[in-house]
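Just dropping this structure here.
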């Protein structure tokens, strides 16, 4: 016990003495939480539109003003030449071209089909999808109004017979489809993982590179004491960061905390050990900080991008979805969201917690085994 | 010049002797490309949904069949009551419940109008949006088919949508340029900054500085091997993108490689700059990581569109080199842009490169005196 | 009770096909200063690593303080001190903190440690530097400090791997005085060195060539045996016959 205390004392002394380390440990996570939470959004904000209005009618003007009224669309360019509008799109100045053919109003009034061309810059497929669904719903509403008007003004059998199924969407837990609510718990996971994975692993490789590890190896320190001495400081720091993050999430971002905070903290504790063990494992198979860093970063990117943080796991092909079973980050992101946003409790998350625990124990055992007090 | 050649050869040898790192350096882009090419998508596949059918007639059956027939959905649960939804959503696997109202077919025939409720688990707004619009599209298609069976033509405004540059809305087309940027940042910026700080930490830098080598010789020598690596990586990614993922390449290869070369230089210059600021490897790596890689992934438009961000972040995104590189590469690959269309972005990148090189040269000189 | 501090028989270590240490057998008496000489790459460091439990031997026997290095390495570690040629001190800690850390690891009690810290700082002349970071200290002082730390827990044997590399003769001389003091307290000193004048200070010497131990004995005996006037002469004679290159 005393040896562990001495080891911890030394680690903390070293961590807090390193001037560039303190901001990295405590300021960076906060800044990242703030920046990333706001950045990670697919919400449509301002779509620049080029309008080609060949009809110049009351209805065609109504179309554009409906678009503008939503606040999402901004009329950037008005022209009669398709080529000019296309040029603007090529240069990325507009992302939607709205082309209204002549005779548009007349056709609508007569109850005939009136085409309207929407050209969308689809380089970014998800934004394009959003532009499309916003535009079509604007046009659908407008169309419904027009049809009612025609029905009232003149009886048109054509219009009456058309069947329609009304789709009424309802979004639970997050009715406004607010991205921040969704992203913050996930980003917290990423920040904690980075502290756990990079710093604890790096720390051992550093002692190897400097040579102090040899000195430790000829002392009677036991492996587990050494491991605890290396794991615990960053575990504590990771937990403190998580707490700061949770406080910010609750009071800064107004994220609802439906589930139990204790559950989150317990899972976080297990998760941190798991990810730190992975860091240790990396440090036992590498010789320089550069190597360790590179492998850790590589794994981290894969964990994050395939962990459902940004793009849904449900979008991945089956084999890739299966890979998430061995991705601790994916588990923890899912648990955080379920517990905080949906109020899930132990029954719902238990199998994932078992998963993380199993991974953590395996990694810890392997890395303790791999770490040798003897060289070569 | 001779000592310079010797120095460059030493740098190459050091890097290429470390087989493990080398494997990672070459293998990584391939693995990343394959994983992300297949896995990072905003399309839906096999999303699990539930059905609450209060009508159970032939129309609702047909619609359920249509939903099941797509790759997008898997019907996993049939519910009896709305109250069951809460528990289902909490378990977390089912993302959407489609609710048919009672007497669905009757209403559709008599009143020409029936309602379907789509209840989504919107903890993930993006996913909720996606499943919702997929479902709505399937239903709309069904209605259209129904109407045309009855030989009734749709009336009124009919939007015709054309998706430019990426008609199938494939995410891979969007992500490939971003991936190039991230990998270049990783290889060029992170690796150079660490390798130079390592020399500093180990005390070798002093030896180099007292040698007849000029500071810029040292920098060039350090940077050259990574430049070669970067070029190989870019070519690998491009080959994979075009032949495995069928990403279109509309523009000129020459321009593409010129721009990729330019961006590599920017990334290397940044790496050198970081190493001139950081005193040890740990600091260099944390700066590269927090200051560059995360912003490159998140603020450049790689995954999330820049236009969706708050004003402040849009401003910040201007100083991120990857943002400009993404505009350029997406332009060249998908839109067939020529230099005339991307000269502004190119100039910005050149400016950034010159700025970082000048700054780090100055830093090196100061240390010499 | 073991008769010898260190006793080896045909101790061997191979790295693949390369035989770093080739069947060496020798004894080190308790309380003596034993010099371990050899050109670069002759196998000194490998041999020392086996004796300190850092490296498992391929074959042969080795007893340190009467304990078997194969089975009782962890026990041996409590009884020995070690100072490596790389720096074993933490640069970003102060001398005081370094002493406290290593003292703690060996389980030295708090009161005794506090007293010991003052003693060490006094003894190494670092009293005023006790709270400065180690990285700011001159090399010679770092070496003295590292040595003091290696014997902090009163080990039976202390292993010194090229302890005086890179410092001036005066500092080296002072360091050797420290070694004598330690030996007088009954601690066995096992030291590798490149400096032939230092070799003359040892009670007994051994010279390794190509992994073999080609000479062993007191400096005087060896001079007789090889009919040489100095240890340096013997060393050069033997080292010339080596097949292995430098490094």
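Quick notes
Going in written order, the chains are labelled A, B and C, and every chain counts its residues from 1.
What we mean here is this: a residue touches a chain if its C-beta (ideal position, glycine included) is under 8 Å from a C-beta of that chain, and two chains touch if they have at least 3 such contacts.
Since the model is a prediction, treat every value here as computed from it, not as a measurement.
With steps allowed only between chains in touch, the distance from chain B over to chain C comes to 2. Sorting all chain pairs by how many C-beta pairs they have in contact places A-B at the top. Averaging Cα coordinates per chain places chain A and chain C 56 Å apart.
Averaged C-alpha coordinates give centres for chain A and chain B that are 12 Å from one another. In chain A, the residues touching two or more other chains are 18. Here chain A touches chain C in the complex through residues 2-3, 5-7, 9-10, 13-14, 17-18, 210-212, 214-222, 373-376, going by the rule given at the top.
Residues of chain B touching chain A in their complex: 18, 20-21, 24-25, 28, 31-32, 35-36, 38-48, 85, 89-92, 95, 108, 112-130, 132-133, 135-136, 139-140, 142-143, 146-147, 150, 152-167, 169-171, 173-174, 182, 186, 190-191, 194-195, 198, 278-283, 285-286, 289-290, 293-295, 297-299, 301, 303-305, 307-310, 312-313, 316, 327, 330-331, 334-335, 337, 341.
The touching residues of chain C, when paired with chain A in their complex, are 15, 49, 52-56, 73-74, 77-78, 80, 82, 84, 86-93, 97, 100-102, 104-107, 133, 159.
Per the touch definition, chain A reaches chain B in the complex via residues 18, 20-21, 24, 28, 32, 35-36, 38-47, 63, 89-92, 95, 108, 111-130, 132-133, 135-136, 139, 142-143, 146-147, 156, 158-175, 177-179, 181-182, 194, 198, 202, 206, 286, 288-291, 293-295, 297-298, 301-302, 305-306, 310-312, 314-318, 320-321, 323, 334, 337-338, 341-344, 348.
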